[in-house]
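Chain IDs A, B and C follow the sequence of writing; residue 1 opens each chain.
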Amino acid sequence: MSVHSQPRALDPKPPARTEPPRRSGRDQADIGGRTLNVFSHAFLLTWAVLVILPLLWTVLNSFKSDDEILTSAWSLPGSFSLDSFVRAWTTANIGQYFLNTAVVVSLGVILTLGLGSLVAYVIARYPFPGNRVIYFLFVAGLTFPVFLAIVPLFFVARSLQLANSLPGLALIYTAYYLPFAVFFLTAYFRTLPDSIADAAFIDGCGHWRAFFWVMLPMARPGMISVGIFVTIGQWNQFLLPLVLQTDPDKYVIAQGLASLAVSQEYASDWSGLFAGLTLSMIPVLVVYIVFQRQIESGMVAGAVK
Amino acid sequence: MTIRHSRGLDRRAFLRLSGTAAAAFTAGSLVSCGQGTEADTPSDAGQSGPPNTEPDADNPLNVPPDEPLETVIFKGGYGDQYVIDAQALYAERFPDAEIKHQGGQELGKQLQPRFISGDVPDLIDNSGAGNLPMAALVADGQLMDLTPLLDAPAIGAGGKTVRETLIPGVVDLGSFGGTPHALYYAFVVHGIWHSRSLFEENGWPEPETWDDMLDLCAEIKSTGMSPWTYQGKNPGYILTPILMAAAKAGGLDVLKNIDNLEAGAWTAPPMMAAAEAFYQLVERDYILPGTSGMTHTQAQTYWATGEAAFIPCGSWLESELGDVTPEGFDMVVTTTPAVTASDALPGTAIRGMGSEPYIVPSQAKNPMGGMELLRIMLSPESATNFTDQTQTLTSLADYEPTNVGSGLTSVREALAASGDDTFFWLYHQWYSELSASVNETTSLLMTGEINPDEWAQQCQSAADAVKDDDSVTKFQRD
Amino acid sequence: MRQGRYRFIVGALAGPIVLYAVLVLWPYLQSFYVSLTDWSGYTSERRLIGLANYERLLKDPVFWISLRHNLLAAVVLPVFSIGLGLFFATMLNVAGRAKKAAVQGVRGASFYRIVYFFPHLLSIAVIGVLWSFVYDPTGNGLLNGFLGLIGIDPVNWLGSTRTAYWAILAVIVWVSVGFYVLVFTAAIGSIPPDMYEAAMLDGASRWRIFWRITVPLIWDTVQVALVYAGINALDMFAIVNVMSAAGGSGGPNNSTQVLGNYIYLTAFEHGRFGYATALGVALFVVTIVLAVITLRFMRRDRVVY
């Protein structure tokens, strides 16, 4: 991590760091704070329940039979049946499309973050003529419905040999997620203290070096959060692959799940639908929880360092 | 908008145009397609024009035997196995033809760039959510005239043409201004469904007239059951029996006037009578509470689980409900009860409708192959296979499915009883904006937010707006 | 120091901008041209018709209904999602009170951080199905079932023109709060902890710390979040498409119609790509104008530290 390249001399109040700051919240606080605490905790908990309840319900229903889902929406499943998962797995062809999606999304996210952070950094910290124009050019990308541009995009992609190719799709994802990444990363780069970048230059860092070794590591919380959003967005992306990946060998998981949702609409296979929903949630959920520790420490690094 | 469908487009002309299409898009320039002179030069292969008149029993459509065939089939409630099975028969006939098949959803978005670039499949089942807008394709001259197929001898029909073996009216359902551009492979009837076992148990009669219906509803309601529900979020479902009742009351002209965007078509007395009749369900609180907020699956499930007695639907209902339907439920379809004392059509007349519209793009490389596959699918063998797999009738009139449930039996009975009086309307596939508009207006009628008069006025002004809109290609029926 | 500055700017921006221009801007520009034609969307044929599509737009009642709904959302959504997001992010990151100077969230902060983000992991199709069960209009629905326990009659959430749009807005808040919690967590993570520590040592109240330190220091991110919420409020295509009828009618009777969905219906259901694109351009213009105004209006002097 970056702290080493951070010039100590410029740290405003280094002595405050001498004591490990993590302290248990059980330490006494003032009475007013306590009332506020009770109220706040109640509110936090309520929201958590609001979020968890429908999700839990989805997962539970995926184990139920169709009859149970319809007649007793609130009950626990009578027996845990995995039938619906098997059905969902085969209908949605999840196994085969999983790998494709993983390839496209990992490549797409790396490229989006790499290119997006470069652009954002330059826009945030290098005033130059045309800076705002470039910024708004990227912001503009957030404001037009993609499906209106899909036909011209198809022809551009085809002539550049990007259609029906996993790296090609990753490149297209990158281009379409750049506006989002640039928009948020610019704000994060603006939030960073000027003092440190200045110090890096005084130390004789070149621009590239300052970016890679000083600024990028400092922007880690922002990079992680944007990275998460981009990953999820690209994982769930449906329209672009639908039009650009016509070769079934190159399908991504969203295309498989669409076919599951459609088959439910015509066959009232409720449990299969819930199983599919659960299956589609699980990969992202697992990745998020597995990396949660890293995400957490990266995001709040500044605060607990 | 140029109307080109009447002009029998030459395939090569399209191929030539399509070559420039991609370039045109990337260059951002405008393609003017007005130069039709070259398009009329005869093509050398002779495969694209009307079929040879010489009878060739094995290959009446003159399919080039080694030309590849590509199909894109909507994979929804019926799956796509029945097409794959028919392709096996095609492959027996033309072993040298390579067959490419794709089943999928959201076909409109998938195929849109292909239509523009001219690289289209030879046969498409244009069905399901997100399908291609057919009227727009017809207006753009993108669909083949299917007359060669209809005039070709049908398989296993003793010399009859394909047209002669189809259920009467099917060809008209897929016609735009008199030209058949789509052929509905599946045939459904629309009506009002109930559970026969439930009705017998309670001694409830099938209502013949709307007064019977209202009496019965009062009785049903007294048992604590809701008499009616419908697929609230898709109000087109409840508009169907209203239009059916109007057609039965006033005769076929009611529907023709609507389709032809005639002035006063929606405010005509039979329409008002039908709207009044259904409005009574609202007035008397006979509709399952919450119905207007239900998806089609929700409403149908509530109906099948005994929350409501009647629901309007097409004959796909039985297969759509699948295992949700309780054992011994015995669902049956009937046409709408008479809403006037002197209905113009017989009591048994019912609405027929196609589903699974098959189209052959004008730019297809092997359009005759596409039609040939459709001809194979319309053989008794393939039709039986389809019905056995899907519990749905095909558009073929005479064949004996081997696996028939209670719903399908009642569909066949209703269709037989209706016979030549089976009626249909076309405005919804000609004018999608009108259809969307009247559907939404109907949702207001059925929640009591507007009364039948307001409903008729609003529908009529939506129809008038389409009529006055020069950018909409108009079609006529007679 | 200055040497190589422009070389760096050009070097950093060239790659991303070329990619973005070719794959995004160029297709968008071509679409803009389509708005001047009568193109159906399914043929190589299109006729230039000047501004006719824009004239039509001005006279189209559904356009104005949709725009009104979008603007309502652009006011309501940022207030709720960002207000809640900012509140939760503060609670989870800096509100924990300790006697010794330290910055941390309330107890259970990391649990809440994971849970709050769940809704954002779901694909829009999943959210649509899930909430159609929550909003089931009979007493069996999750929400109506709950209301029934406290004696409230079932509400026809999505079936009534009075409640449908608000019901959909509530779903968007449900989904997006977690997004903004993460966004603000990352921004707070970039604030040097010394700032908080100093303020706490001075005995500043939490309220004061929030307004005097947190908000000014993450102002760039707040601003970007507000604009982003506004941009999303002006689109709302996906959520309306899955929550209103199958095929996304925007019903009942256009009571949930928004521009994004109306554009979609116009293009794909009605085969009017030319007109749909004119609507898209109008949406684009409205969004960009509002974004620029917001960014200008809210510009504060950056806190330099």
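We adopt the following convention: a contact is a pair of C-beta atoms (placed from the backbone, for glycine too) under 8 Å apart; a residue touches a chain by one contact, two chains touch by 3 or more.
Here's who's who by UniProt: A = Carbohydrate ABC transporter permease; C = Sugar ABC transporter permease.
What you see is a predicted model; the values in this text were computed from it and never measured.
If you tally contacting C-beta pairs for each pair of chains, A-C comes out on top.
When every chain is reduced to the mean of its CA atoms, the largest separation from chain B belongs to A. Of all chains shown, C has the CA centroid lying nearest to the centroid of every protein CA atom. Averaging C-alpha coordinates per chain places the centre of chain A 15 Å away from that of chain C. Once the centre of each chain is set as its mean CA position, chain B and chain C turn out to be 38 Å apart. Centre-to-centre, using mean CA coordinates, chain A is 42 Å away from chain B. Shown for chain C are the residues in touch with two or more other chains, namely 30, 41, 246, 268.
Among the residues of chain B, those touching two or more other chains are numbered 25, 109, 112, 116, 129, 296.
Residue positions 147, 150-152, 156, 258, 265 of chain A are each in touch with at least two other chains. Touching chain B in their complex are the following residues of chain A: 66-67, 70-71, 147, 150-152, 154-156, 158-159, 239, 242-243, 246, 248, 258-259, 262-270.
Of all residues in chain C, those touching chain A in their complex are 1, 4-6, 8-9, 11-13, 15-17, 19-20, 22-28, 30-31, 34, 41, 84, 88, 91-104, 106-108, 110-126, 129-131, 133-134, 140-142, 145, 174, 177-179, 182-183, 185-194, 196-198, 206, 217-218, 220-221, 223-224, 227-228, 231, 234-235, 237, 246, 260, 263-264, 267-268, 273, 276-277, 280, 283-284, 287-288, 291-292, 302, 304-305.
By the touch criterion given at the top, residues 1-2, 17-18, 20-21, 24-25, 28, 30-33, 108-109, 112, 115-116, 118, 129-130, 132-133, 135-137, 139-142, 232-235, 288-296, 298, 302, 307, 432-433, 436, 439-441, 443-444, 447, 449, 471 of chain B touch chain C in their complex. Against chain A, in their complex, chain B makes its touches with residues 22, 25-26, 75-78, 102, 104-106, 109-110, 112-113, 116-117, 128-129, 296-297, 300-301, 305, 316, 319-324. Partner chain C is touched in their complex by these residues of chain A: 11-13, 16-17, 19, 21-29, 33, 36-37, 40-41, 44, 47-48, 50-55, 57-58, 73-74, 115-116, 118-119, 121-122, 126, 128, 134, 136-145, 147-153, 156-157, 160, 162, 171-172, 174-176, 178-179, 183-184, 186-188, 190-195, 201, 206-208, 211, 218-219, 221-222, 224-225, 228-229, 232, 236, 238, 254, 257-258, 261, 265, 273, 277, 280-281, 284-285, 288-289, 292, 296, 298-305.
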